[in-house]
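Here the chain labels run A, B, C and D in written order, and each chain numbers its own residues starting at 1.
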Amino acid sequence: MFPPRSQLIAVIGSGNATPEQGLHAREVGRSIAEAGFTVICGGLTGVMSAACQGAQEDASSGPAPRTVAILPGNDPDAANPWSDVSIATGMGHARNLVIVLSARAVVAVGGESGTLSEIAHAWQEGRPIAAYLPAGGWSSRVAGECLDGKRSDRIEPIATLDELRVWLTRIAGPTPPPGSAK
Amino acid sequence: MFPPRSQLIAVIGSGNATPEQGLHAREVGRSIAEAGFTVICGGLTGVMSAACQGAQEDASSGPAPRTVAILPGNDPDAANPWSDVSIATGMGHARNLVIVLSARAVVAVGGESGTLSEIAHAWQEGRPIAAYLPAGGWSSRVAGECLDGKRSDRIEPIATLDELRVWLTRIAGPTPPPGSAK
Amino acid sequence: MFPPRSQLIAVIGSGNATPEQGLHAREVGRSIAEAGFTVICGGLTGVMSAACQGAQEDASSGPAPRTVAILPGNDPDAANPWSDVSIATGMGHARNLVIVLSARAVVAVGGESGTLSEIAHAWQEGRPIAAYLPAGGWSSRVAGECLDGKRSDRIEPIATLDELRVWLTRIAGPTPPPGSAK
Amino acid sequence: MFPPRSQLIAVIGSGNATPEQGLHAREVGRSIAEAGFTVICGGLTGVMSAACQGAQEDASSGPAPRTVAILPGNDPDAANPWSDVSIATGMGHARNLVIVLSARAVVAVGGESGTLSEIAHAWQEGRPIAAYLPAGGWSSRVAGECLDGKRSDRIEPIATLDELRVWLTRIAGPTPPPGSAK
């Protein structure tokens, strides 16, 4: 009898988010947790922190852990306080690649150049990508696009939390079966 | 009210462990979980798999997650089945460094050249190191040693599971206080 | 008396370049070498290989080495045959970050999602970026843009090799002084 | 007609070398350059700096570049002044792995815990390793050893510069043939 494994969904976005983007990230994080998934992110401030906070607000028995932080530096204690598990890569922005590789799918919320690098890496590595439109930023700019000819899908434009839930179910399976996912 | 954070203890050792080393790793993993800590390791076979299996055998309400896998490749599904959270670094043996950086302390169980690289990185990065003597290998060979003049401590020789428990308590605090560790 | 140091200019672009993009990359590589700089790139095929080939065609006494390959894999012999120095990172696409960090400036020639990740990382890391317009691709799409508010410059649109030479001189200094650059 | 490629030999050792170890590293670096190889190292102080300085003292027409620095940080200008080519990995001590992967063979000169991690990684990755005995340190301690059962060779003990030249010739081929190595 193997334990269930956390199904990780990445939330990517700027560490310098506007208050409005922070609210969007918080709702996105909560929706991901409510759907039974674990949030993985860069573990710092802004969209990252807000998504983790939202995931912790899920009132269901939910997944454990709810949040995983992948940090650029050497100190695991540098993660935001809503991070359940903190991984210190010591590899600077190369940690952006670790976030997307570890995730089953990626949700982009707003975003600056760092988020754009994560979107591009997620595309390269074959991970499904959703762009949460209400938050603007780079995620909105590339929503609906096919970044190059290597994939036949596109970056999914997501306008509402309901659409996000539908997309998560479609991408990652209906209800994770017992013994294979939390 | 922030959630408690997992306190990670690394278990390092060979992917080609002997059956006897596997049993030692399993007991070490279980003892770590029983003490309230989460096992972090390379996520593959041998000592890594056995330590994860042991952590899952902890009958207490224990930490969640009990095990975190830090993989060398691109596919998070490549982790051993006792891994609760699986991180795909895509960075080959450079993932050895991520394991020790993320850990509060490191327990070496047997080990070949890969384990020796992890012991050396753990020393460089200032993480406390214990060598579990019953398992032999590189961990036994460097037990009791000071690898260089940068630190005043030494690699702690651990002869029994009781000694391991005492060391874990000393290194990582008595009982993790509510609201700061699981 | 210290030796001069190679001044590295990154050429980024797709491994699946069209023949026309390959010709552009070759001319860009040759122009970089003729200006006294060393080409650094991902070391594989397409734009990478063509830029290295072009750098080797510089008929002047030129820089040595003319080309440096930063490979994703473990085998330094995997570099294209026009690479003078081959670095095996073993870190997959995380090597994209090593290319831009090592470069004084970055020239994008066409490009797919991998190139987009390099452009985004170069922006994050503060490296000047030029987009070579005749080659199309992602480099053309972001030409003239400011990726986010962290920098006050923009991605420089470059329409001709003459404009490239002027930009290289402006970015990296007129003639590298003796004893500090080749 | 392809250009010859630099044949890289890694010199590993402490950044805090004693003056005597520095002299040994300088002689080792010069011997490597005189044999037609390029020194690759961590690019900082101590043994790294001394090996680069020695390589520059080779009075022959010699290889170009003579030295390649693989740095832990983000700034290529942080390399010691005898480095011809400077690569900024931004990945901290994970750059130790890049050094050994890029090298055809590794020469350890003295060394502390960081050097021990490089020796262990070189063994894991199948690179031939020599330990220069006059310099003491970790390289002397593991000289003559087989780190684990994955390889049938051992860490070659090298007592003199003459023995080093013989070993380099044996490991990396007699005279690099025209068109394949500088």
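Methods note: contacts are C-beta pairs under 8 Å (C-beta built on N, C-alpha and C of every residue); 3 or more make two chains touch, one makes a residue touch a chain.
If you're wondering where the values come from, they're calculated on a predicted model, not measured in any experiment.
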Task = Name the chain pair with more contacting C-beta pairs, choosing from B-C and A-B.
result = A-B
Task = Going by C-alpha centroids, which chain is farthest from chain C? Tell me that one.
result = B
Query = Between chain B and chain D, what's the gap in Å when you average each chain's C-alpha atoms?
reply = 31
Request  = State, to the nearest whole Å, the distance from the C-alpha centre of chain B to the C-alpha centre of chain C.
outcome  = 42
Query = Can you give the whole-Å distance between the Cα centres of chain A and chain B?
reply = 27
Key: Residue list for chain A, restricted to those that touch at least two other chains   = 74, 90-94, 97, 125
Inquiry  = Under the stated contact criterion, what part of chain D meets chain B in this complex?
reply    = 14, 91-94, 97, 112-114, 116-117, 120-121, 123-125, 138, 147-150
Task = Report the residues of chain B in contact with chain A in the complex, numbered from low to high.
result = 2-6, 8, 38, 56, 64-66, 68, 70, 74, 76, 79, 81-91, 94, 97-98, 101-102, 104, 125, 182
Query = Which bits of chain D are touching chain A when the two form their complex?
reply = 74, 90-94
